[in-house]
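Below you'll find the structures, each written out as structure tokens.
First subunit A sits with subunit B, and in the next complex the same chain sits with subunit C.
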Partner chain A sequence: MTQLVPHIFNGLTLGLLFALIALGFTLIVGVMEVINLAHGSLFALGAYFALAIIGGSWLGDTAIGEWWLALPIMPRYILALIVAPILAGLSGMVLELALRRTYGKAPLYGLLLTFGAALVIEELIRLGWGTGEQNLQLPQSISGAILLGGLIYSKYKLFAAGFAVFAIIMVWLFLEKTPYGAIIKAGAHDSEMVRALGYDLARLRLLVFGLGAGLAGLAGVIMVPIWGLRPHVGIDVVIPAFLIIVLGGIGSFWGSVIAAILVGLSVGITGAYAPAWSMMSMYILLILVVGFRARGLFGKKSALEN
Partner chain B sequence: MAKNNLTRRQLLKTTAAAGVAGTLFGPWKHNRVYAAGTDKPIKIGITSDASGQYANSGASDRRGMQMAIAEFNAKGGVLGRKIESTHIDTETTPATGSRVAERMINREEAGFLIGAVSSGVANAISQVAQKNGVIYFNTNSSSPTESGKNCHRVKFVWDGNGANFAKAAVKNSIDKYGDKWTLLTNDYVWGHNTAAATKTLLEQYGGTVEEEILVPQGTRDFSSALLKIQQGNPNVVAAAIGGDDQKALRQQVAQLGMGSSPAWINNQQDWPDVYGLPLDNLFGVFGTTWYYKLDLPGVDDFVARYQAMYPDTRMRVPGNVFYNGYMAMKNMLEAIERAGTTNNIAVIKELEGHKMSAEDRMQHHDAWIDPDTHQVQQSIYLATAKSETDDKDDMFEILNNVSPDDVRDTGAAAACQLESYDDTPTFDA
Partner chain C sequence: MATLSDITRRSSQWITPQIFVFAVFLLSLPLWIRPIGLYQYIGIEIAIWIIFALGFNLLFGYTGLHSFGHGAYLGVGAYAFGLFQLHVGVSLIGGLLAAVFAAALAGAFVACFVSHRRGIYFALMTIAFGQVFWFASIKMHGITGGEDGLLNIPRPDLNLGVYSVSLSGNTALYYLIAVLLIIVTVFTWRAMNSPFGRILQAIRQNETRASFIGYEVWWFKWAAFTLSAMFAGLAGGLFAMAQESAYPDVMSLHQSGLIVMMVLVGGGLVNFWGPILGVILYFIARDVLGSITETWLLWYGLMFVVMVMFKPEGLAGVLAGLSKNSAETLNDLPVKTAEGN
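Here is the complex of A and B:
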């Protein structure tokens, strides 16, 4: 007989991972009111940057290359965890520069541009790393299994969920406790006033987009040891991320986090009793919530509605 | 001498009358002759996935076909005509498969279609192909329905199917691991049909299905399913999970260390899906139709030709998907040559029942094309991950080979109703 408790625990873990996936997407939509369809490709790009850093194949047969590969996985992995999201963030900034021409126009322009960018990034990944499946090496200490209540859990998945909590808290602290966060939030609330106060709105948008893209890249580094790494892995990200921000309410940070956990729980628990419906359950949840609250759980009126 | 001049008016009248008569009483089935000129190249439409779940396998499939085409063109083509191919991405989506097939036939004027990894896509393509009478080779999709209820007179299926692999594995596995089984099934046509074949065999050999866990296509997190498996504690898990879903499953089973207990039977393991992965990602027993290390004549030469043609490909050695793509294309062109014509009905008749020697196929047993189902009856190999190897390419340990007679899919044969020749439009490509 299926015991429910392990599946609830599993659903919570899954929900935290969904929250990590949606974090960068939420930030960009919430602050800039741009639906970034390249989110999944930036997610994949982050993972591929991590692969390049850990694998070090681009260093070739040089002395540095040999020294790098002789290092244990742990320092290489930690460096990848820091540098890969930064590189993804920089890529996001380049995308934002292209996106500027669409500001003030119909949202469709931004959608089309980011959709095109997603295709371009995916093809660049194919050119750079090939089309096949890749494997992101992990340090031994977070690999393998752990026994909890007589059942085997993945040590890495627990690490990933813990890391997701850490990332959520750090982003929240950044938005709530730093002057940069205050400016970003003010920019989302009333960009004209922020500009009138002498802040450079263009630079603010660049920073936010870079941060959102960096978070997408970070999610990629964390998620691909669970999902596997292939050029189109980002496709799996955009729909859940979009669903979560709509469910949570566009622009609501905690709305997204709570929505992600609800999605995780619904997928996890449905997976125990009616696995064929596990993917569908998140859409049913969305229909139920949006049926009663059109702006999602914690949503407020958005400029996208105009 | 009588004067026999035809006036312009008479010519127009005669032409119009002939046109009307042709329309009303003409050879309905012989409705397309667009490329019948002997100097024109024979045009092959490659309908393989370049995006979506089977993009990687689709690329391998395509490389196999292109190598066969290059080899035929190097020796002067077929019937003195050059072979030309055109490829359109079928996107691992049945609706796209239909559109691509329509376009290939009606706009690209392809005389033959070839390629598929997804059974849903193959089925969609073959419906369009049958409507137009265009011969279609399903190279790599392995749902039993492809040569069963979805069989067509114009379609030929080159891969082993789920029932073939299940037959090769089920009895041995009950004896070796136990009779309490859980089925982990992708919730779409291939998964369902493969699971159905496994269930039938389990009943036949005294095994029981404790539970069937249906997994939607596109699943990336298998933790619920893996928890259920742990809670159910079966002897064997028979997985029919394909494409990217299977890749995610493998990662997660490897992380949990569940690859050896319970025992896993993975229906078929496509080479592009596993190439380059750590060996602990390759768990359980799985089937394949070919391996590049088979100790058989011709295999080394085939590998060398692959490496010469594709020196920069990440996959340094060919796998089963490439092999199927190559063999299908080679046999298509050989059948045209044997028929001495590109007439579709003549080529179909040439293919039906055609025997292929083990030597030609680089397999352990002779193969043939079943005239009742149009599926290639061929050797099936059971394999597992190689435990210790320094050769990164040599990932499989072949456990045994099973002859086509022992794994024939009788269910497909009972379900298949091929259209008659008369109901199949005929044309010369």
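Here is the complex of A and C:
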């Protein structure tokens, strides 16, 4: 049992990171009933933007470029953590403008459009940054290892898990405690009534999609030092995210967080016994749960079922 | 607008003029493919993928069940064909039967789990099962050869009793696949215009109503899924033979997504011939755009996005729009159908 503890801990950390990845996805599905298959590509895009901001080579040999590269890594990293998700969010807004043509049609069309968009974004990344694997530079203070209770942990993983908890709480507070959150939730519940009350539904959807895409970009910046950065990282990300929201139940915020932790734990514990099969355990988990509970753990009825 | 469920003039016909033209096109292809700047192997690829796409559209277009993990059954077929040649015996018929049978078994098993789902949940379950097959093919080194896959699969001869044809040349192999494709085309056309096919279309338009009329909807969805997996398996077996190898890549989500794109771009949602147009367009685009620019997938992806936005009926829908007047006279009975979303 005691040798399982590090695996459980690893699983828990992974689960929190999965929850961070699924956060933006959940938001978009819950409010707009659009399955955004480009989520993973926006994730990758956020990470590549961070790479460009920290690397700064596109500034060239100008005075600004030299000044920027002379700065220590810490301020550059913090700036990347703020600006890269914003850029990813703006890209998401462009996608939402294209997506408008599919509203009112079968959910399949939104799915297909975002699948095409994922392909396009991936190719654009190849065009801009090349196909090789790249590394994000990290500040000294969050890299390296740390000794906790006789076991060695990567400092960065702890930082990332802590950051995931912070982001989950912030999004929850935003949805529950601010007037904007109330409008977004009302829009998910009864969009016609929200429009009748005088709110601009088109702008609301644009903002929600931008926010969701921004969260994808943020997850990208945080996750990529752990998973590595390659152009097709998007597809490795979107499937677990997709799986988690279905497992948790479409439209349920805490459902997806709990599902993410369950998935993380199942991957972590399977990793203890059969490392090669650890990533597959999540699909088995999904088939078992959704096989018996059609709407996942905490799901409500949704237009996506038709 | 033309839909898949328009009743054609003589819907119980086995061979329509279109099928005849298509067969002539296929069988004469080796005569003119080189002069137009292409090569024989692309004909093989296109024919195999059309078999896959026609089978896929039984499920995707006709029944309205959106599978995003169909590459798995193509892969199962390819592995079954390879394993049969390597471990049981070198035989064309045996290998293809093994491919179809293995894919049918895999499809029937998965269909038991997914047939009481619809919409996005159905799509997700098929993705999950597709990923399970993909993972299994990578991890079970002993059987599948891991990431490298099965290599050096022989191309068995076609044995017709006294007469045996070597299929090691691409033209001979092409003729075999073309004949199989014609059979598949006739079969799918007839099946989709049969009472069975009509019930599948009723399920697409309104599943609840179809079950109220008294059809065992679950069973029909199961049958459509299994049938479509069998065609994928046949295509997979032929693919293994053409490539002389079988590898996990064909099972990946990327490949499963590509077949959805091909069927949709061609217009599989509105026309029987849509998947065929889509596959041809994809492979021609790959070769023509691919020779101009390395980022051809970017342009193909953009074209796909624009098509979903403005013309989800696909290429077949565009062509129907161009010849609107003649299309109306083609259908004696333009049945107006309320397409359920």
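Structure notes:
The rule is simple: the second predicted complex is superposed on the first by the 304 of 306 C-alpha atoms of A that agree within 3 Å, B and C clash if a C-alpha of one lies under 4 Å from a C-alpha of the other, contacts with A are read in each partner's own complex, and residues count from 1 in each chain.
Quick note on the criterion: a residue touches a chain if its C-beta (ideal position, glycine included) is under 8 Å from a C-beta of that chain, and two chains touch if they have at least 3 such contacts.
The shown structure was predicted, so the numbers you read here are calculated from the model rather than taken from an experiment.
When both complexes are overlaid on subunit A, subunit B and subunit C end up clashing with each other. Of the two partner chains placed by superposition, only subunit B is touched by A:Asn135; subunit C is not.
By the touch criterion stated above, A:Gly55 is placed in contact with neither subunit B nor subunit C. In the superposition on chain A, A:Ile226 makes contact with subunit B only, while subunit C stays out of contact range. Using the contact criterion defined above for the overlaid structures, shared-chain residue A:Ala117 touches subunit C, although it does not reach subunit B. In the superposition on chain A, contact of A:Gly46 is made with neither subunit B nor subunit C. In the superposition on chain A, A:Tyr156 makes contact with subunit B only, while subunit C stays out of contact range.
Using the contact criterion defined above for the overlaid structures, shared-chain residue A:Met280 touches subunit B and also reaches subunit C. Note on the superposed arrangement: subunit B collides with the subunit C stretch 242-250, while the other options among 80-88, 98-106, 188-196 or 242-250 stay free of clashes. Applying the stated touch rule to the two superposed structures, the overlap between the subunit B and subunit C interfaces on subunit A comprises residues 276-277, 279-280.
Residues 51-52, 55-56, 59, 187, 213-216, 218-221, 223-228, 230-231, 244, 247-248, 250-252, 255-258, 272-278, 281, 314-315 of subunit B touch subunit A in their complex. Chain contact summary for the complex, subunit A toward subunit C: residues 35, 98, 101-102, 105-109, 111-113, 115-117, 119-120, 123-124, 126-127, 235, 239, 242-243, 246, 250, 276-277, 279-280, 283-284, 286-287, 290-291, 294, 304-306. Residue ranges on subunit C touching subunit A, taken from their complex, read 66, 113, 116-121, 123-125, 127-129, 131-132, 135-136, 139, 253-254, 257, 260-261, 264, 295, 297-298, 300-302, 304-305, 308-310, 312, 340-341. Subunit A contributes residues 1-3, 6-7, 10, 13-14, 17, 130-135, 143-145, 151-157, 225-228, 230-232, 236, 267-268, 270-272, 275-280 to its touches with subunit B in the complex.
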